[in-house]
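Pasting the structures in now, so scroll down.
Heads up, the next two complexes both have chain A, just with different partners, chain B and then chain C.
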Partner chain A sequence: MSTLSHRPASTEPMGAAQGNGAQGLVGLSAPRVDARAKATGEAKYAGDLQIPGLAYGKVLRSPYAHARIVRIDASRAQALPGVIAVLTGDDVLDINPYYGHAIKDRPLIAIDRVRFVGEPVAAVAAEDPQTAAEALELIEVEYEELPAAITLDAALAEDAPRLHVTELLKPGLFHGLGELKPQPGNICYHHAFARGDVEEAFAKADIVVEGEYHFPAVYQYSMEPHTTIAQWGDGEITVWSSCQHPFLVRAEIADLFGLPVANVRIVVPYLGGGFGSKSYTKLEPLTVALARKARRPVRIANTVDEAMVTTRRHGMKAWMRTAASADGRLLAREVRCWFDTGAYADNGPRVVATGADAAPGPYRWEAVKVDSWGVYTNTSPAGSYRAFGATHLQWIGEAQVDEIARRCGLDALQIRERNLLRPGEAVRPGGKPLDADLIGDIQKVAAALDWGTPKPANVGRGLSVGLLAAGAHPVSTAFARLEADGTATLYVSSTEVGQGVRTVFSQILATELALPVERVRVQGGDTLVTPYDRSTGASRSTTLAGLAVQRAGQELRAKLLEIAARVFGLPEEAIELRDGAVWHEGESISYPDLIRAHFGMVGGELIGRGEVRPEKGTGSYAEGPVFWEVCIGGAEVEVDPDTGKVTVRKAVSVADVGKAINPRLVKAQEMGGWLQGLGNALFEEMIYDEQTGQILNATLFDYHVPTIADLPASFVSTIVENEDGPGPYGAKGVGEGALAGATAAIVTALYDAGVRVTELPATPERVWRWLRERDSAAAGGAQSARE
Partner chain B sequence: MIDRLDTRETESVPATGEAATTIRLETVVNGRPVSAEIEPRTLLLDFLRDRLGLTGAKRSCDVQVCGVCTVLLDGKPVSACSTLAYEAHGREVLTIEGLARFGELHPIQQAFMERTAIQCGFCTPGMILTTKALLDENPRPTREEIAAYLGGNLCRCTGYWMIIEAVEHAARLMAGEEDRS
Partner chain C sequence: MLRRFVIHEPRAVEEASALLEAHGPEAAIYAGGTELLVVMKEGLAHFPHLINIKTIPGLDTIEASDGMLRIGALATHRAIERSPVVRDAAPVLAELEAQIANIRVRSTGTIGGNLCFAEPHSDPATLLVAWDATLRLTSRRGTRDIPAESFFTGLLETAREHDEVLTEIRIPLPPARAGTAYERFKTHERPTATVAAVVRLNGGTIEEARLAVGSVGPRPHRLRGVEAMLTGQRPDADLFAAAAERAAADAEVIEERFESVDYKRHLVQVLSARALATATQRAHPRETGGD
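And then the complex of A and B:
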């Protein structure tokens, strides 16, 4: 393998951080607050928890893509010693068992019908996992197979079998996408927008590039598969779960089982990765139903093949055309894309809308028309995966921009400098104007790629830029306690999935309170204890929950100043907070002494609250997003013309984050996102048998995720801090842009090396075929020129 | 290489064990002797996690690809998900819980913390133990040697760069060198 020679990202100040007044800890790469627990094995994940009386759940899953359940006989399983309960569809008929935060289309366990291979048909709770597994073998299910629509084309055919009576489906609690209109056939959701006269723009264009493209279903592979423990009490439900959005899970569980939300408690331990796979509701309804029947706490832990049928990234096909003038001015773009959402909507409608938002790319268009559909198929449900929508569409739009540049004699950097939007320009009708310096960003990518310098044969360089509608809904709350001994505890419900949210929040609170970061403790998410946060995803936590944390800190700060003013007998302006104390000129009083003075005893505490909500308008999706996440990347690739194998020689990322509260964690996000983007571009693909709907590569032997051997030889990452974000200190989110940017940059680098990518992943076989097509087209062209 | 099992101990175990059949496992885990009756089919990972409460070794792929269940058996990394508990008979097991001594972190743990080689933490115990086996064998590995040795440990969060930095940092710490890089 080639030499690993990345530029170290460890040049920022590190080590034990000292508070030196406001901003003192912002921009410092403070060590992760959870690092010690994770390095010693003490950090607990859902599968590590033990509670008294815990039973073990296993799930019987459908072997058919589409079938009617004729009969289930669970009597032999029920009779097996050690079996506590067997759950089937008949056990949930006393409630409305349908859920789905966007569309209530999914029963928590199959009722009369299965719609994908892997759909839960029965679940067993037993004294130990082996007995539960043996009991599954004893459940007899008689199926009557139905015609299935496995692929997008099959589901869109006129005579396609229908998965749902879409006219009867009800909206979920949090679809957040305006009025949901019933759709025909297997269409789950349609999102469209148009601006300007597209036909006229294409009619007058000198250059038109057009093509059809395919993007595969991808497995997020959070290394910890979904794991949930549920306990059913007297009118109370407690769930410990590997979930990113505990408050949305709480609402759906309360809705399903007919309880007030206050009677449902969701506790979130450390998560072994998420990447969107643990967003919204996953195993929780089934586990609660099983615990309800067993009258015992039950754990269900997915295996990897079960995780793959629990959620995945949408496969997509798209048609796109782009128009330009002969001098390289981009004029118009028209896009139609179809997202395969599988058997149930999950987060499909949001993916469809976000994909539509990403489709035009960040360019100045005279006219744009985008239609985006979500389509039901008889495959496992698709939901969120890091940078959804942008990853699907950016590589396509950027490849077309490069083709236009080639035809009008510009290079890839020049055409972008001429056409990219500038800060303040409209991105889409009604949405937030652009809040980033994209031209400055892309120039940094080009510089890192040594743009314009000679390169060896079979080597290509590419850059890409796009925008991702980020932030989801701007609703977060937090509160903080300043204890009598001068330590602070932060209560916030953002999930620590590995991104470092507890570390960043401890820096923000420590900054506001002028405390050393070691004196701040961040409580994990628990809906009984920590206050409402909409979700952990869409790169929103630092920007939105972080703002709530800052405001909680500011309220505490105001209280400290008010008390100090009283104690000193001075105006508040004459007092400052520094090093865990209030100061006036040379005199100081420590926080513990101040709190003692306030309460008149040793004890008591001060409480600060922070709230974030839409400050104007309704916070609806149409008026969003909260910010545009910049998806940008650069790549240098080498193609082996004999085998089609692609090697990424150089990875470039630019993190346009407004303000890097912890630069080291920003780079960690960029590097991790980039390598996932490499996997998405070059080898990750869930392969479904088009007849049976079985996943043909449902193990990590067959489904290849990037290993340490897949590392590019060098990685250059730059952080841009224009303080133009809506978060604390001008921050905006990071974590997703590198993925979409990397995937598209690898595609444009391949384009530069002479490979026209129309389908991902760009496997060696596909690359080899595209090279042959190019060579035979060139030979044919040469021949016709001679004739 | 994994040593042969002590067949004198296994001879008395029926070839087709019924569910109730157990065998006695004598092993050493994190320096402490352990003696337990186990079913022959018991996996080392389940024995460590469920019987001994050592949950640092994680479960993910179940097929010896991902490395999150890595423990050291007589100093060599094995995937506990695909190793029978009885394979530890008469041998020594080291899990992540046994690496720190009296609260003092091992230099590899220190290095992973200082170089931000940890994100979600699910791969971390296995990564650290594989690194220990590497550095015990080869105290100053090249980047290529690090990448080759850690090829059986997946990480989905970090993109591996900071892990490589941490391993190099650990090598320097273990050699007692000043490390300002």
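And then the complex of A and C:
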């Protein structure tokens, strides 16, 4: 059992101090506002909700990776007592049933054809879940199997079966990627950029490192699988769903069912984790269609194996080469990567583009060329997962940097100090220049690893640094009510997915209003009530929605000052807000008294609004990102040379967050991200049967997610606060960087221990094989040297 | 999801046996349920009748006397891990039990359930085979004792008849100058390879050696060829290296989803060398300064 030594970078004052001045609660580790409700079980998740007349849905899923549906006979299921409705493709032909926020390539239920094992073919609504499950067994489906392309190589082959007529696909509502062009074969999306003359740079280079690499499909595993309740009635749709982006779901549902957005209401209770698996639209269209047919509210709740085929992380194949001069100057990099997006695009195009952005790494190149493709395969669709793109490519680029360092006699820290970008330098052609001090950050990682000190045999230390385009589209709004009794209610649509967003927003509003945190209540997302927010993801909520919250608070603050100036008969500058009251020198009026003075009664309320939108331009992908999230980490690993088993002895994270509004929550993000990074590096892989397309490890018995027992023996986390973020108080997002940073740091630490990782996860068997290859190559080398 | 079933709560082993007989293949014994209920939830098997044996008194007793450690089939992993009797008489078993699964499975799952399910990736099965333990089976027809090694007949298969209840695991306590070592390699939820070694010394030579391997094949089994090459020899690193190599070759290994056959053979070799060295060391603790 590992012990956890948590070394704080600075002492953190805990608890909700009284607000004094505008920075009052910022930087304090206020206790989570939802801790009690979650610990006692009072917190409500989608699976806990009960509404009158609720029916229970179950989904019949395809056993084939690719097949034509010849016939479906649901009559026996329909006749089972307790069954309310059976939905098949025939029931959605009155609408355009294709959706997808990037590409509208996915029918909400299979129509004539299935493209992956697990694709919904029929859905049953019944009086109880048991009956619904029994009804599924009574549905007869006749399939005619079609040739399937399970792997990237199979899908990219000349004569590969085609999944879609890509020429006919329509762009989705929110692809945000400029013009989407139809692609040949099974290519779903292509993103490319180039700068400088790559061929020339490679021709003149002293050192070239080149390789092919593989990253597996990974399951986002959140404790709560997707759960949705839908209610259809009278031209209105109400959905309660475990979703991260309620407004984007609302738009897609409205579009699918031909209703104005105002007639669609999405309510988001607490989420039991998401990690990207609940971003965009998942179970909602199917549940709405089933409720429409059943004329009853219906709940569909995924099991773990169903969640696994609902969305996953993209598997990827990459080829990369890096050029450098003999003295360790990085010159050029060329990358080609293919992302397996499964049967439908989901968020694939964005992942492809973000992967391309991450591919060069944050170095000063003379020339760069990146081509990144999304590829359709007959497997379950792939979408977002924490730190997508960066996690895929950072470990590869960083391993090549370390190989170059070795060849030119530098150490891993030195080569980075020489080549890392500095603040203000361009990261990619167009878009935001670097907004972080990467050299300062990497030196902190090195210090935490006791860089340069002797280490035992079979132990390796590694550093890694990269960038992730974060923030998504910068549109968020919030409003706040200051009630007559001096308490505040905040309306903002960020999803509390476990990250602590309600706590942070409470701190921000409490700070602006000089109130204790306990007097602020944060409403969960409900599109009928809370105002527009693009999404909860891309490390954006504190930065963007938080800024909207701050602005709402500032508007309220301005109103309080204006009223106080009137009541005191003084200029606003002579008044300050403190401890829930307005003050002039020793004299104070509490907010309730002030509001009463304003309205002339005990009642009324003040309202503040905050809006965030692109500051210049359109906020497009090409002009972005909102900020570059620093993906950084350090690891010390030990390799058992007999078995190949890897133990992480020390985990290091540096959270370059601009300003830590709640340091404890920042560190929780770092630790959670690190553990997931450890899973991505060492354990996690969805294994598809290459013939049938079945997932061979679709249970948590067979798919190992890191647990408390896998925690590194020591975890050191440092927070960097340069106040260089675009969010409130100079904050910028956190939460994803640690994952990509950790995965890559484990790889570079393994490199330092003599293991050349070319495929993740670095399972004991793979490590053992790489060590054997190295040893036999060394023996071969010794042999030829002797000859 | 779990389909509907009836649960029976017998008060005696004979009653459980009668229920098994009456309901035939529709019935299964339900102990901790950590395997059974998962299999049923996954839809891999369905038993309309579950016979809960936790209502039968006395099936979880742990005691040692007359050179025999007796563990009731209903004893949970947690109970065995924490039992002062086990810690005293068979500390290797207590350590093994402490490593199984996680605290939730250990406090619900029973040793009997582990053995009767015969999932090949089992820790206790491998050790019990090396220890020549016997398993006591009871039905209305009577009681019989089977050596652990012949109890496991294949992947998820045992010598237990449908109407028999496993009631007790009987472990002959190792004689003086014998040492036991248990080695496991685990990266998934269950172990990938397990090896148990028992070494008894006489003077400077190995009087008896037993080596059992599990998890890599359909069932745990002894490696008698390896045992023969060790018997009568002086223990040293070269001998163990040769024995471990032979163990890797002789072990019954099957292709599965995860690790390959050659890697599993390699693991058997690594674990065998480690287990033999440790068992030998434990066989003469005084000489090596241990205790």
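Please note the rule applied: the second predicted complex is superposed on the first by the 776 of 787 C-alpha atoms of A that agree within 3 Å, B and C clash if a C-alpha of one lies under 4 Å from a C-alpha of the other, contacts with A are read in each partner's own complex, and residues count from 1 in each chain.
By definition in this document, contacts are C-beta pairs under 8 Å (C-beta built on N, C-alpha and C of every residue); 3 or more make two chains touch, one makes a residue touch a chain.
Small disclaimer: the values here were computed from a predicted structure and weren't measured.
In the superposed model, A:642 lies in contact with chain C only, and not with chain B. Counting the residues of chain A touched by each of chain B and chain C gives the higher count for B. In the superposition on chain A, A:707 contacts both chain B and chain C. Judged by the touch definition given at the top, the superposed model places A:764 against chain C, while chain B stays out of reach.
In the superposed model, A:203 makes contact with neither chain B nor chain C. Of the two partner chains placed around the shared chain by superposition, chain C is the only one that A:696 touches, whereas chain B remains out of contact.
Of the two partner chains, chain C is the only one that A:133 touches; chain B does not reach it. When the two complexes are overlaid on their common chain A, residue A:303 makes contact with chain B and with chain C alike.
In the superposition on chain A, A:157 makes contact with neither chain B nor chain C. Common to the chain B-facing and chain C-facing surfaces of chain A are residues 303, 699-701, 707, 709. The part of chain A that touches chain B in the complex is made up of residues 1, 3-4, 6, 8-10, 14, 29, 31-32, 34-45, 47-48, 50, 221-225, 270-275, 301, 303-304, 497-500, 664-665, 668, 671-676, 699-701, 705-709, 711, 715. Across the complex, chain C meets chain A through its residues 1, 3-4, 38, 42, 102, 185, 187-190, 257, 259-260, 263, 266-267, 270.
Taken together, the chain A residues at the contact with chain C in this complex read 129-130, 133-134, 303, 642-643, 645, 683, 687, 696-697, 699-702, 704, 707, 709, 763-765, 768-769.
The residues of chain B lying in touch with chain A in their complex are 49, 53-63, 65-66, 68, 95-97, 99-100, 105, 109, 112-116, 118-125, 128, 143-144, 146-148, 150-151, 153-165, 181.
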